[in-house]
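Common to both upcoming complexes is chain A, partnered first by chain B, then by chain C.
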Partner chain A sequence: MPHSEKKNNLTIKYLLGVGVVLFLGYHSVYFKKLDEVKNVANKKFDAAAYAQKFFTSTLTPQLANASGIQELIQLLTISKDQAFEKYAHATAVGSIKYFLVKGTGTITAINEDEVNLQVGNQSLTLATEFIYGNAIRDATGLFDITTFTNTTDINNVSAELNKIVKNKVIPPFRAKDKVGDNVVFTGVMELNSARLNLDNIEVIPVSIQ
Partner chain B sequence: MINYLWQLKSNRGIVFSLAFCLLFLGSCSNKNTSETPKKMAIVISTLNNPWFVFLADNAAAKAKELGYETKIFDSQNNTALESDHFENALVSGYNAILFNPTDAEGSVVNVQKAKAAGVPVFCMDREVNSADAATSQILSDSYSGCVSLAKYFVKQMKKKGNYVELLGLVGDNNTWARSQGFHSVVDNYAGLKMVAQQSADFDRNKAMDVLESIMQAHPNIDAVFCGNDAMAMGAYQALAAAGKADKVKVFGFDGAADVIDAIKDGKIAATGMQFPKVMAQTAAIYADQYLKGKKDFPQKLPVAVELVTKENIEDYAAFGKKE
Partner chain C sequence: MQTTIDSQKKLLSKLQPLIALFVLCMVIGLLSDKFFTVSNFWNVLRQISVNICISTGMTLVVLMAGIDLSVGSVLALSGAVTAGLYKSGIEFPTQNLFVGFTLLGGILAGIVVGGLLGFFNGVAITRFKVPPFVATLAMLTVARGLTMLWTQGFPISGLGKDFAFLGTGWFLGVPVPVWISALVVVLAILLSNKTKIGRYIYAIGGNENAARLSGININRVKVIVYTLAGVLAAVGGLMVTSRLDSAQPNAGTGYELDSIAAVVIGGTSLSGGKGSIGGTVLGAIIIGVLNNGLVLLNVSPFWQQVVKGLVILIAVVIDKANTKNH
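Take a look at the complex of A and B:
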């Protein structure tokens, strides 16, 4: 092989080598604007907005499908498993479940933290102070936990839904409630399937008229 | 470099032969694996706490029932030791890891290492701060459990009084989930004043020392909220030693045997009952399902926590419900 041809081949090899190094180098490193990276990192889940949308678009349309509380309690007495299977929901694994219920009753007592109602032959309380927990979030069975990866976000949805009820549903009711008034309500209640207690039914109202 | 590539090209036949041999050996190895029993490693943050021993034993029992060999590794609340356990588990050919992390941040790297090695990790009770490192995280719903506990706390305290909060390990997410759940309720009542908040690392003796020290500065307290039952028992001991056990209400979290007895005896006001057996068994079942082909699991699976008080204590036993 002539010397010049050998030199040319060597040059091509070096050029190819440099090309490979540049190709690998370019595809090994990615550049992004620092602002973009910071924006992604700071993009927080807006639990209040999510809760408001859930309350309006998911929970409220479901209120019409709530179980009549007297009929549900009757079913729970006769066939507990069937009642839980058909009407109860919960995001967490375990025996605590939530029901979406409705009814009409008469106010029998007004206390600092709750209002007592008589619904047919069933007495119950409407919670007006302790509006906490996951009942409002979970009772419809339409809250999809699989779309969340952050536990705090899941908890904050409950907290924000509870705030909506505490701030918007309860005050107008408490402003004019009187013993003897008739009340039409839709709400959520928590029951433990392993230790069913139907003597102290408490409903968190989602809508009261 | 070019010369090296050139040489590789010229030795292409040898390279292909080697690759073929490796593939052949690999297939032999797979064949052997399918014949040997599959194994699950159970890596636990600490076995110096009966609650975690119960969790580990139940995970091992369920895995064995499903046909797996098991070994329990104790991380002794030490992420470096935990890392060694993961190395050992991966080198020893464990097929899945049932994991109770030591540190939500510090344990992420171990889970990622296992994932990179193709070994699925299922977290039990404690989580790691990563949305995709573990295959699934089966966790007590600590936040909601403490919301229930806090409602009871507010009612028992009649919405007023001074209280102390004893936190668990600051690196554990459960510590903050419990504290946040508690405060999401209690902070709405202006009459309830937290006079001190301090970590006692989920440790009974440390809780006793910490509360003794706090009571020197704040002798007039009405309640102590503790992030776990071990600390609740430590707090009770400190109060008993100071002659204040009858005046100060103590609240715990876990459902440990001594606290169940203490609630019956009126020494502890309430606890949040976790269900370690449910978490351990679910983790083992998920791992088995994964190894049999299922790949779709919820990233976070909360397990409900139940409020235990003197009113319903007869329904519960240590670490769960009465059978």
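Take a look at the complex of A and C:
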């Protein structure tokens, strides 16, 4: 191959390379003013507002439909599958499911992070300090995950609902709870259908008197 | 007569991974009725796609008698860079400038990062004469640390449906990761069998001094191959990140071992010069089927590690025996 032809081929190669890089670069990045982007970001999904609306308009009206905890535990003992089929909800796939439950019990012990209750023959724990997970969001089965476009927003709703319970539901109860008091509660609990353990039931209260 | 026996022995040695896979499938199929199902078939293929990508790069490295321990960390950093740039872009507050990345931009950035890390591995090995084991071990730590710095130790989640398509989508009835890994394999086979650099790789692994004396630019080939291994680890990182819809700072931990296992089980000699991409694909399938079978049979994760370790050991012993016989 003559020297000049070789040189031409090389030039074409370089030009093609530069063309590809420019094409990819043009379709890879875009530039905006930072303050414009921040303004849009600030208008993004407000998990706190969504959670407050969900708590007031969706969860609270459903409290009246909660399952009696003693009846539910009885059903779980007799027919676990039926109990999960009928009363459990979850947005995620897996064996962990959530139940909306209600009951009346007597306080048997008050600890730093929890309150122990005796409900009929069943002893259980009311969580009062570590409120985490997706139980409050998922227990009604009315949380519509399909309206969300990303998992961060979905998780943030849980976090905000947990905050509402921790900051608004629990403090008035903890201010005057005493051993021996009778309490009427509605709350949510998490159970694992693959490893069902009814000896250590923990309920996160959503309403408690 | 002796020639016939030798050629039969050679054929048997080539077919060993295939026979092992067949036996493994039969045993698991007999013990679990869920194994031979269509959904499990796609599940296994989807799961091994990442390992096939990484192992393809690892095969090229091992064929040159090298090793790359950094692929798991490179995978994590590439995935994190892609996720971070695609989701949040880069802010320049003093210039009031925001540089956003499209999906293509994020993907390219992750691949470039993978390639750069591989390039540094190659440079450390060729220019500074650091043994591959040490150079890539150092990169393993550096890349993991950079991933932690980039992510601040938190997952980068919520990447959207378009990005999720790479790891969870279907195209023509086949999962997208399977298409990607198939494309990678085809390109790697073409590279190793039909190009000059492919022949150089085998030559370097067979006898580095002879290759040097025959005029091959060994350093250049090595740098290219380690860069390619980084790029393929980055492709794996994209698939993992997309599948999880999240870039996890600890993603890819231990992937280098699965990858080396696939290469060794697939018949590639750790001393270089002998092996094939096709064999590695078989090795990755064996590892994937083994993982899947152990899960279906409810074997404890601790025992799974033991079984996998033993399988690798057996593969190496067989490889040594074959090398001795030939």
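To be clear about the criterion, the second predicted complex is superposed on the first by the 166 of 209 C-alpha atoms of A that agree within 3 Å, B and C clash if a C-alpha of one lies under 4 Å from a C-alpha of the other, contacts with A are read in each partner's own complex, and residues count from 1 in each chain.
Just so we're on the same page, contacts are C-beta pairs under 8 Å (C-beta built on N, C-alpha and C of every residue); 3 or more make two chains touch, one makes a residue touch a chain.
Worth saying up front: this structure is predicted, and the values here are computed from it rather than measured.
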Name the contact category of A:Leu24: first (chain B only), second (chain C only), both, or neither. second
Scan A:Ala175 for contacts with chain B and chain C and give back first, second, both or neither. neither
A:Asn134 in the overlay: touching chain B, chain C, both, or neither? Say first, second, both or neither. first
Touch check for A:Thr151: first (chain B), second (chain C), both, or neither? both
May I ask you to name which of chain B and chain C touches more residues of chain A? B
If we overlay the two complexes on their shared chain A, which of chain B and chain C does A:Thr91 touch? Say first, second, both or neither. first
Both partners, chain B and chain C, contact chain A at residues 149-152, 155
Touching chain A in the complex, chain C uses residues 89, 91-93, 95-102, 104-105, 108-109, 157-161, 245-246
Write out the stretch or stretches of chain B touching chain A in their complex. 1-2, 6, 127, 131-132, 139, 141, 143-144, 147-148, 150-151, 154-155, 173, 177, 180-181, 184-185, 275, 278, 282, 298-306, 312, 315, 321
Name, in rising order, each residue of chain A that touches chain C in their complex. 24, 27-37, 149-153, 155
Within the complex, which stretch of chain A touches chain B? 13-14, 16-17, 21, 90-96, 130, 132-134, 145-146, 148-152, 154-155, 158-159, 192, 194-195
